[in-house]
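Next come two complexes, and both contain chain A; in the first it sits with chain B, in the second with chain C.
Now for the complex of A and B:
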């Protein structure tokens, strides 16, 4: 069953187009990574799915309903980011108690355990928390809510490396215990990729790729060899990236499908795998040349 | 044990890890191996990825499925794994050795004696 269906989704903000003609579906009880460069439209998409913002045109369905201003969708969805606002008059403990009233599947035991594990002070106010602590607290709310659709928009902002690791493990363990549909947007694909089933890669408000993470890892291959040979060999292939390393040597990233790798090796080129994170960067590269060109 | 550096897909690493467990005798014939959920929890990976690893082994007849119960080690599992590793992994490693030796102009006799030395060193280590 599909939890999310988008068909020709568009969103304009003033005169700027944030999303253009976006179509995709997300299956129930999967973890999807939403990846894209700054300004690719990740947050816009997630806010529309959560029912916070209204689309400009096209069709969007969450649990088969139109999400904007929809009670059913908001009762079954939680949107977690670093700007979640809670009443300033409540302490952290009171926020967790109130959250229990809002969310039917709220797991109070998990919330309490995580709260103690990350050493929060019960009397503390949300607005006085540090950036990382705020994200950690919001993550606890996101996990404990156990909403059928749980959306994390850059959930690890400000978290230190140890907390991020704990968060990923907590997310996965709770998902195994209580499967639900999770979307997580992140700039750190290398950190989250093991958790994911699918990846949705956005570029300029459009879909660039939507595929299982294992296929993304196998999507491209890196070739290193003498410049003339590499140039000639990749001429009729889909090339995502090239880079000259030193004199006469070139590194190229090409689409792996249908590439005779043995042939490349016999010719003396070195073949290497390309991390999914790098593939995403190459696929969505919009900068002209490289950063070095700025300093020329 | 599992490296996410991108050199090998995670599901392949899971399959290879289970193969090694079978070779070491941690899982015996007709014994149930870890479920996709157990593997997901052990290695902090998505259960769908773990399932892919298990399915590779099922396709290669190293595991068999009992509906609703899980995946179990086949009679021929060890034999299939040993055969596969010899023909693929070991042969691949030797190809690399041959290439490196060629580039360094190492002669056959020298290479053989180096290999012999390595094997003797391992025997010594095992004692």
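Now for the complex of A and C:
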């Protein structure tokens, strides 16, 4: 069953096109990573899926219903980001109690144990928490609510390395115990890739790739060799990235499919695997030249 | 994975309870405002004076909860505007909600707030009299209030509904402003300009509007007028806000 279906989804924000012609489906009980550069449209997409924003055109379905202003979708969806704002008159414990009232699947025991594990003070106010602590608390709300669709928009903002690791581990363990559809948007694919089943890569508001993570890891290959040879060899292939890495040596990343790797090795080129995080960076590279060119 | 089906009434009920708890700070502002109004009332809310040669004359002062009630209406108006602001919208769109349940629970919250503030406003009239008795040295002509219980109740009810009506004005204005920030300028211009134009055509128009709502002697007709006005404002607000995007 598909939890999310998008067909030709478009979203304009005033004159700027945030999403253009986005079509994809997300299956039930999978963890999908939503990856993209800053401004690629990740948050816009997630807010439309959560029913906060209205699409400009196209069709979007969550649980087979149109999410905007939909109570059914809202009851089965939680959207977690670092901007979550809770009433200032409630303490952290009271916020958790209120969340329990609203979400039918709420796991109070888990919330309490995570709350204690991350040593929150029960009487503290949400607005007085540090950035990382806020994110951690929001993450607890997201985990404990056990919504059929759980959306994390950059959940680890401000968290330190240890907490981030704990978070990913907690997310995975709770997912195994209670499977649901999870979408995580992140800049750090290398951090989350062990969790993910699928990756949806956005570029400039449209879909760049939507693949299982295993296929993405095997998507491209890196070639290092003498510049002329590499240049000549990659001429009619799909090249994602080239870089001069020293006198007369070039590093190129090409699509792996249909590449005669043995042939490349015989010609004296070194073949290396490319991490999925690097592939995503190369695929969505939109800058002209490097940052150094700015200062010329 | 099982999906939860929710009923509108249930969510509205949960949200209303949540809002009464979450917006507790609004009640403290109410108490401060009512105490302030009470302070202003100490000088008397109305005076009648006679002067005659050889005497200092007589001044008759009226002490009533009128100022407190007026202040409470203003409080209701501002509280309703605040409920429509971004900060409050974000607090409620954290949990299960859509625009309809959010509006309905806001209206219920405002009604509860009106009941609470209406009761304290009316009762403050008695507090004022107790203060006059205890601390001031006045000659009391008439210390009675409405002797009949029925009149007291109808006064209480109309006070509550007046506060509710003013909160519906605030709610509508707040919602319109959420639509576009331009309305922050347009709304006052339209209201002030409209009143000015109307009063040029007919000088008594403001008095007429005032007496339409405030000088209705028939209790039930007054109730109908107030409830209808509030209902229209709230319905308009629900209609307008149904397409608003949240959590920008």
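Things to note:
Here, the second predicted complex is superposed on the first by the 296 of 296 C-alpha atoms of A that agree within 3 Å, B and C clash if a C-alpha of one lies under 4 Å from a C-alpha of the other, contacts with A are read in each partner's own complex, and residues count from 1 in each chain.
In this section, a contact is a pair of C-beta atoms (placed from the backbone, for glycine too) under 8 Å apart; a residue touches a chain by one contact, two chains touch by 3 or more.
The structure presented is a predicted model; accordingly, all values stated were derived computationally and were not measured.
Once both complexes are superposed on chain A, the partners chain B and chain C fit side by side without clashing. One geometric descriptor of the composite model is the angle centred on chain A: between the Cα centres of chain B and chain C it reads 150 degrees, in steps of 10.
In the overlay built on the shared chain, the residue A:214 is in contact with chain B alone; chain C does not reach it. Touching more residues of chain A than its counterpart among chain B and chain C is C. After overlaying the two complexes on the shared chain, residue contacts for A:244 are found with neither chain B nor chain C.
In the superposition on chain A, A:263 makes contact with neither chain B nor chain C. In the superposed model, A:128 makes contact with neither chain B nor chain C. Of the two partner chains, chain B is the only one touched by A:196; chain C is not. Contacts of A:169 after superposition on the shared chain: chain B is touched, whereas chain C is not.
Note on the superposed arrangement: chain B and chain C approach each other to a least C-alpha distance of 17 Å.
By the touch rule above, chain A contacts chain B in their complex via residues 30-31, 168-169, 172-173, 176, 190, 193-197, 212-214, 217-218, 273-276.
Against chain A, the residues of chain B that register as touching in their complex are 2, 4-11, 37, 40-41, 43-49, 52. For chain C in complex with chain A, the residues that touch the partner chain are 1-6, 8, 11, 14, 17-18, 21-25, 87, 90-91, 93-101, 242-243, 245-247.
The touching residues of chain A, when paired with chain C in their complex, are 28-29, 47, 51-54, 63, 69-72, 74-76, 79, 83-90, 94, 98-99, 101-105, 148, 179-181.
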